[in-house]
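Labels run A, B and C following the written order; every chain starts at residue 1.
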Amino acid sequence: MRHLVLEDWSRKESWLHARDPRAKLMAAVALLLAIGTSPAGSPSRLAGYALLLLAGVIIADLPVRGVWLRACVVLPFAGVFGVLAWLAGEPGRAAAVGVKSYLSAWTLVLLAATTPLPALLRGLASFGVPRFLLIVIQLLYRYLFVIAEQAHHMRLAAASRGGGFRLRSRQGWRAGAGAVATLFARSHARAEAIHRAMLARGYRGEFPLASPPRFGLGDALLSLWASAAAAALRLA
Amino acid sequence: MHIPDGFLTVPVWAGLAAVSVPLVGVAARRAQGEAEENRIPLLGVMGAFVFGAQMVNFPLAPGTSGHLFGGALLACTLGPASAVVVMTAVLAIQALVFQDGGVLALGANVFNMALVGVVAGYLPYWLWGQGAGRDLAVATGGFLSVMASATLALTELRLSGVVIPPAALWLALGVFALNAVAEGLITLLVVRSLDRLHPGWIRRADAPRSAAVKTVLGASVALAVIGLAVASAAPDGLDRLAEELGISDRSRILWETPLSDYQARFLPPGWLQQAAAGLAGISLAGACVAAVAKLLSRRRSA
Amino acid sequence: MEPLIEVQGLHFRYDSGPEVLRGVNFRLFPGESVALLGPNGSGKTTFVLHLNGLLRGEGLVRVCGLPTRPEHLPSIRRKVGILFQDPDEQLFMPTVLEDAAFGPLNLGLDPPRALHAAQEALALTGMSAAWHKAPYHLSAGEKRRAALAGVLAMRPEILVLDEPTTYLDPPGRRELADLLRRLPQAKLVVTHDATFACATTTRAVFFREGRIESEGPTAELIRRLGWDERLPPAEPAP
């Protein structure tokens, strides 16, 4: 699965990986703000952001081309609106929006590739995001692969019976809906079993969410430096 | 439609985030207080279920297929508050893990898909979900859920000054409508299968008694969706008209100063102007949602 | 000697379904290791869920003298550690270490002491090196041992294992058997695996249709019932 690569990256060891999730969140948001508010038609400024991100990728010891490819996920969306702007006679603007959304996606890839999701959630917790929501996200992430695999097997099974859910017919829709309902039922049963396993280990409604470690000097430096660089580029 | 970062202007994404954050907070508190004690694992696993369900393809037209989005289905099974939490969690994972949708744009995406998508998906079921009209209500919920989310996203993009020629806009609305019909049908088929597997999983709708309330609410939702669809299409019609009459090269202005169509002319030009216009629009949308939420909660406690 | 677990005349049905447990009588004594054998669907898992009050039927269930009433559940759940059949359902935290610390934290230990208990349990099951891994990245055998660590971290007096060899390859099974033999707790091992049962238990009870049909020393009971995996060898091709 394609996201597993990113998860592997996020478990590497580098100076950037070792930083506090809060510091990386602040740095990423500062960059996103700067990129998002940059007026179109300033290629040198956009190049500056790209250099900043490239430095991040190199410090984090990540494969540069791999990160670039990952950030391409926004291209379909940016492409559609880019073409529309082009048709409307605004090729320069179209390119600018495309580059801005690509740079933003690059920032997000860098954040996700240096911070495992549970750590990111701990960071968000100390920014005041409701714990209940974060615990739901954490459990979602834990069972995402398990249930996606289940859905994948069901799809394979249906395909090997000769139809798959792509059947261009009423049966195809029925079969698809049946598969979704079965997946729902299994997820329900799984939730039940997880709840039992939690109770068996003394769960009484208080779900532990580990707190992030101490915010150190390196963390402060990262968030300050990244914000300052982003702001300088934006205001230059 | 997951909006990435880099498309929305500051007033639009910030305004929508300012609306979404407290509403999701309310939903989380309400979901947490729900009677069943297995809520936490149930909501987490149901979020994973949404990802799994989205892997199941349904043929739409030759060469293309659609999938379940899930807002309406979750609302009918888990209840609206829990559905909002689950959909928010899904969107957060999509943004943070898959870079599908932006992080600054997360507030907007949550507003479109988790808040409005769920409320629009639940409303018909809540109003007419008992008795003979249930199937129609479920399907309508699915339709409204996707239609409302998609038109909202389009409107926000246009508010941010993204150029969308009229032809493309109508095409987009057509594609949304197709997906919305599919969502309605899939939601209905899945609900029927669940009926057979375990009827208890479909929530009983505790609708308001008065027919007048039902009619007014139903009509206002329908009007809101149709209005949004037309509003996101019409300004371009105006643009074209203006162009044909040779009044101005509007599309350039639209790019230079996003929101120019919505500007309050008496304000000084520039950022402040945009912000004021954007915030005004967003606050209006937020007020509508807050009113619906208030209504829902009053009904609940009554 | 007082039994650790005492069950008398236990009956249970799910909702309005048929009776799944139909009068179970069972005792587990300190230091004992008992195998629970029986066909699929005979109610073994249902029975196990009664031993720490996750399900409550009619009849008597006592753990260390305490009946499984709501007021005793916290201390009963501390005494009885259950290893469930599917480790994916038991490992619900993001990393192995956090999962092992879940029980101790619920027992009210402060975070450093809970982490210490978790690390000890991981060392016991040979999972110390994988403490930072996400459960999704573990092999079947590692998942089983990580889940067991989560149970052991609560320092239970009784271990109940529901089909612990599912998904394990032969070396994994042998490793698990070695590990169980080293643990001092009284054990109830639900299993289809005759070799594993013989290796880890001395006494066995045989479940059929919701009650204990027969019991005896493990090897002898298995032989008497023919309840093992032996099949005639394949004929060589002519």
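Following the convention adopted for this analysis, a contact is a pair of C-beta atoms (placed from the backbone, for glycine too) under 8 Å apart; a residue touches a chain by one contact, two chains touch by 3 or more.
Treat the numbers as computed from the prediction; the structure is a model and nothing was measured.
Taken pairwise by the contact criterion, the protein chains link up end to end in a single open path, with no chain closing the loop. Taking each chain's centre as the mean of its C-alpha atoms, the one that lies farthest from the centre of chain B is C. Of all chain pairs, the one linked by the most C-beta contacts is A-B. When each chain is reduced to the mean of its CA atoms, the one lying nearest the mean of all protein CA atoms is A.
Measuring from the averaged C-alpha position of chain B to that of chain C gives a distance of 47 Å. A straight line joining the Cα centres of chain A and chain C is 38 Å long.
Spacing of chain A relative to chain B, judged by their CA centroids, is 21 angstrom.
Among all residues of chain C, those that touch two or more other chains are 92. Touching two or more other chains at once are residues 117, 138-139, 141-142, 146, 190, 194, 198 of chain A. Annotation for chain B: residues touching 2 or more other chains are 41. For chain A in complex with chain B, the touching residues are 3, 6, 28-29, 32-33, 35-37, 40, 70-71, 73-74, 77-78, 81, 84-85, 87-90, 93, 97, 100-105, 107-109, 111-112, 117, 120, 130, 132-133, 135-144, 146-148, 150-152, 154-155, 165-168, 172-174, 176-185, 187-188, 190-192, 194-195, 198, 205, 207.
Of all residues in chain A, only 7, 11, 116-118, 138-139, 141-142, 145-146, 190, 193-194, 196-204, 206, 208, 210 touch chain C in the complex they form. Every residue of chain C that touches chain A in the complex is listed here, in rising order: 49, 52, 54, 74, 77-78, 81-82, 84, 86, 88-90, 92-95, 98, 101-103, 105-107, 111, 132, 134-136, 150-151, 154. Taken in their complex, chain B has these residues touching chain A: 2-8, 10, 13, 24-25, 28-29, 31-32, 37-38, 40-49, 51-53, 55-59, 62, 65, 68, 77, 85-86, 88-90, 92-93, 95-100, 102-104, 157, 162-165, 168, 185-186, 189-190, 192-194, 197-198, 201, 251-252, 255.
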